[in-house]
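In the two assemblies presented below, chain A is common to both, partnered first by chain B and then by chain C.
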Partner chain A sequence: MRAHGRSSPILTAFAAAVIIGLPLVALVLPLPHDPLRPDPDSIGIAPNLSHWFGTDENGMDVFARTLEAAKLDLPIALAATGLSLLVGVPLGLFATSGRAGEALMRIVDAFAALPIIVIAVVSIQLMGGGATDVVLAIAIVAAPRFVRLSRAAAVSLRSSRYVEAAVAIGCSPVRVAFNHILRNAYGVVLVQATLTAASALGAIAALNFLGVGVRPPQPTWGAMISDGFSMLIRGEWWAAAFPTAAMLLVIASLNIVAGAIENRIERVERAR
Partner chain B sequence: MALIEIKDLRKAFRTPQGQLVTAVDSVSLSVEAGECVGIIGESGSGKSTLGRLILRLHEADSGSIILDGEDVRALTRQQLRRRRRHWQIVFQEPFASLNPRLTIRQIVEEPLIVARTSGTRADRLRRVTETLEEVGLSADFLERRPANLSGGQQQRVGIARALVTDPTLVVLDEPTASLDLTIRASILRMLAALQVSRGLTYVFISHDIETVRHFCSRVAVMHRGRFVETGTTRQVLSDPQQPYTQALMLAAMPPIPYSPNPAGAVSDGDSQDRTKAGTL
Partner chain C sequence: MIRYIISRLVIAFLLLLGLITLSFGLVSLLPGDPAVALLGEYATPADVARINAQLGLDLPFWERYLDYMGRTLRGDLGQSFFTGSPVAAEIWTRLPNTLVYLVPGLILALVIGMASGTFAAYKYGRFADKSFTAGVSVLMAMPEFVLALLLLFIFYQQLHLAPAPLGMLSSADIPPPKVTGAVPIDAVLAGKWDLVASILGRAALPIITMGLFFAAPFGKTVRTGLLQVLNSPQIEFARACGLRPAQVYRYALSDVRGSLMTYMVLLFAASLSGAAIIESVFSWPGVGGWSLDGVLKGDVPVIQGFVLIMGATSLLGYVILDALITLLDPRTRSNAVAGRKRPQRPETAAVSA
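The block that comes next holds the complex of A and B.
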């Protein structure tokens, strides 16, 4: 999952606006309908002027629920990414040598060998099923990637002259790790973080689709797609299509931002 | 008392193939304060390793290192970090030794920050500016990054970083080897001037006999991790006793006889130095 090619500034700005704007809109603007109140009189209505995205099989407004879901999906995805960054990066930076480092890397390898969704489902089954458990489950899956990435940077830069120079002037190991190693590797970490947030969204949806993770009545895109799935057979496409579109829009936006960061790094590197 | 007192220092590395290679073998050296001692030898002779052992950037296998009366090998890591401000190093590759993301100000300021010396930011900035001036860089360079500097300027930054905490000892690990000939002479002259004005002690590591000849008062010739010959520079280089030193002298570029040929002169600094070398 790497972004290629040049990114246009307008597209990047739009992508950033989507990521930041969507949950804000849901928070600030009044929704046209209550996203949590079922209405037996308006079940399975096709998109119209009152229900822009139609209603689902419980008679709840799909537009309101799609926006409402952003309030849950995006913070969970971002929190999970943040947590895996906070845990993974320091571990990777300091696990460059010694037995503890080796042991950690074997654990990371073991995690990498297992299918992501299996780990997530198992850990959620063990923990429960609230939003924090979903965050933890995704962080457990994503953190090893950051361990690997930052460890690779640390190992390659550890032998560089300027890191040796930093040791020679009396920098502490923590200062060397953050001021000298991470400072020269934060770009790749940032790209990975953006991509992790995108795949976290997919994971949240997958978990909901499988029936674990955040429970109703709060909508998530995954749960909405799962519910709307059964309506597809009747030709009622809107209940699944709109949350899918919203999720894809955000995932695409995150990828565009990742690509823009990568481009910027390349430009800076070439300017040297 | 000697500033550096090294006894029977030994260091072996293990190659990826598992072979044990002795980089430094039973080296003893004593350097008085204010002296400049040259360590000379071909690449792979262990001279750079020796420089790093003295500052404990590498851990020696055995032997003793006394700097300023302090047993360096007995210091804890934290004690060692505290002392580093007194014992500095300038590296061979100026660009590689500077963090490309940092500005010149940040690079030269960092030793002061980690040494927790002079209090305020303003004090530190003043020290940084003064030191940069001492190595011939104006305040215009403060906010620039290493990539925007020439090789010579980069090495001046490396020297400023080493000097900003007022060290007593500076290990110069081939500080001019990767610079143009023209810049080499001016950097060497500056280093020599700084040694006098600051009363520094230098350990000057080089493979270039001519440089060592007019830079160092004493010299040690290193071959396969051992000192094969030591003495005053004049003694060793004008009348080498050991076959290896003689071979090293022969392998070096013969001094160009002075010829009054203006077209042949590369530049002021360079040609002056050559002349001096010829008459020494």
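The block that comes next holds the complex of A and C.
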């Protein structure tokens, strides 16, 4: 998003703190309750001093599960983003010319016409339904964005003087692509990667909400929201609300950081 | 003109063939054995072989491919592995249920997006614009199912305005006499307006969910597009000539029309995939939830049929879009009518100034 004006530094610092802090807290903090142990004596308890976020329908502690879910959701989102970067960026950098490049772009276009969630669900189910399959499916869906973005960068920078100079002194195409073009376009790629991580979190949660790629009783935010749905309808909001809040907090933080990076790039470019 | 539309249709047909190939390949080339999925983990090899023969899965790859292509083009999408009912018939009876909330939802999204995006562009940099941008950021950070749950919690649980998310008909509703098999159409045909009203009442929250979810990106596109045009020389000229604001707006809109229409078709394609989520939240008996069920069970013909129908619908959307854009733009219209190739849009947008 092209935000006008400067992004607030306090907000950006807070967002960065969430992105760095939440995984650390999830890894380091000793959980007050076992996130996987159902307790038949404490089913559907509202938040109190012992159960900070209350308990769900199986009597499991929502606070412990929300943090435990971060250990699964965040690495999957990160891995999916990394994989789509690794696949999409080189493809885009080299797809600038020739028949193969044209064909690749038509395939990328065709992806936009397909029902994405359905494709993801189909491929996860056919591959078996584990966490690695979720990573693959999200990467398949996200990679075309990086192809399009890095191709656009390559096309616009190809005619620049320094790329011409690099070609003239005999740099290999690989060196031109990565050392000269990508290095001058990594900002936009970084912004897109941050935004992709945010939308990947939402997509993972949507898939888990639909019951795809989850291994109960291991908690994920999407699966927890799905479990808490029936309680929410009865008015017992906490089992669904806290994992939702955690997920939205991370997604919003990633979006804010992406906006801040974009602002910074714009300022640097204007200063030139 | 007719020649132009025919050439578009030919391209669409070729893409359709590609789509059929994709839906065939998607399921055939990936691992996973439908016979095992059907019979369970403990099936004997003889049972697996029998099921494979019954489903035609023991034939060579090319034979299966050509057979599939032929059947699909004749409109036969096969039978569900589990229920045995024809996939094409299932889709036709469920599609109206999905369209009942999908079409009004998208229209709502267009109206909200258009109005708020225009308002924000005219109030650029002021409070209304800033709150619009903030609202769009919040909405776009929210996955569709979260929005649906939030609306359910507010309007059903807290305010008791909306009905429970228990499907399209309540147990008290008497289904209309069966004519087409699709309940909303049958209800209209039988003239049961109270039933139609009840269906629409239950569709209200899905419609609002769709409307809000897609209004955010659309409104953002409207705002960005209008901002660029409103600062252009031709709009300055139009204003200097003393045209009324409504006329100026009309001219500004005609410049961003093409990109907005392209975006609408993209939204339409995305809404089809969002249908699976909406229907699972609201227990809605449409194509989305049904196909999701098929996917989770590994029902291959259902998966193929759904991918095919959704892809073909998006394709049709793109063909209609292309034709409309060409017809609405005088620069391309004359060329299209003469049957020549459509020229690239000129780089400078400020032609009229």
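Please note the rule applied: the second predicted complex is superposed on the first by the 267 of 272 C-alpha atoms of A that agree within 3 Å, B and C clash if a C-alpha of one lies under 4 Å from a C-alpha of the other, contacts with A are read in each partner's own complex, and residues count from 1 in each chain.
As a convention for this text, contacts are C-beta pairs under 8 Å (C-beta built on N, C-alpha and C of every residue); 3 or more make two chains touch, one makes a residue touch a chain.
Here the structure is a predicted model, which is why all the values come from computation and not from measurement.
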Partners on chain A (chain B, chain C) - clash or fit: fit
Which of chain B and chain C A:His180 touches, first, second, both or neither: first
Which superposed partner A:Ile117 touches (first chain B, second chain C, both, neither): second
First (chain B), second (chain C), both or neither touched by A:Ile265: neither
Which superposed partner A:Ser172 touches (first chain B, second chain C, both, neither): first
Larger contact residue set on chain A - chain B or chain C: C
Touched partner set for A:Tyr162, first chain B, second chain C, both or neither: first
Partner chain(s) touched by A:Ala131 [first = chain B, second = chain C, both, neither]: neither
Vertex chain A; arms to chain B and chain C (CA centroids, nearest 10 degrees): 100
First (chain B), second (chain C), both or neither touched by A:Val188: neither
Lowest inter-chain C-alpha distance for chain C and chain B in the superposed arrangement, angstrom: 10
Residues of chain C that touch chain A when the two form their complex: 15, 18, 26-27, 30-32, 125, 133, 137-138, 140-146, 149, 152-153, 156-157, 164-165, 220, 224, 266, 269-270, 272-274, 276-277, 280-281, 291-292, 295-296, 298, 303, 306-307, 310-311, 314-315, 318
Complex contacts: residues of chain A adjacent to chain C: 1-4, 110, 112-119, 121-123, 125-128, 198, 202-203, 205-206, 209-212, 225, 229, 232-235, 237, 240, 244, 247-248, 251-252, 255
List of chain A residues in touch with chain B within their complex: 160-162, 164-172, 175, 179-180, 183-184, 271-272
Chain B residues within the chain A interface of the complex: 55, 57, 81-85, 88-89, 91, 93, 96-102, 110-111, 114-115, 147, 158, 161, 165
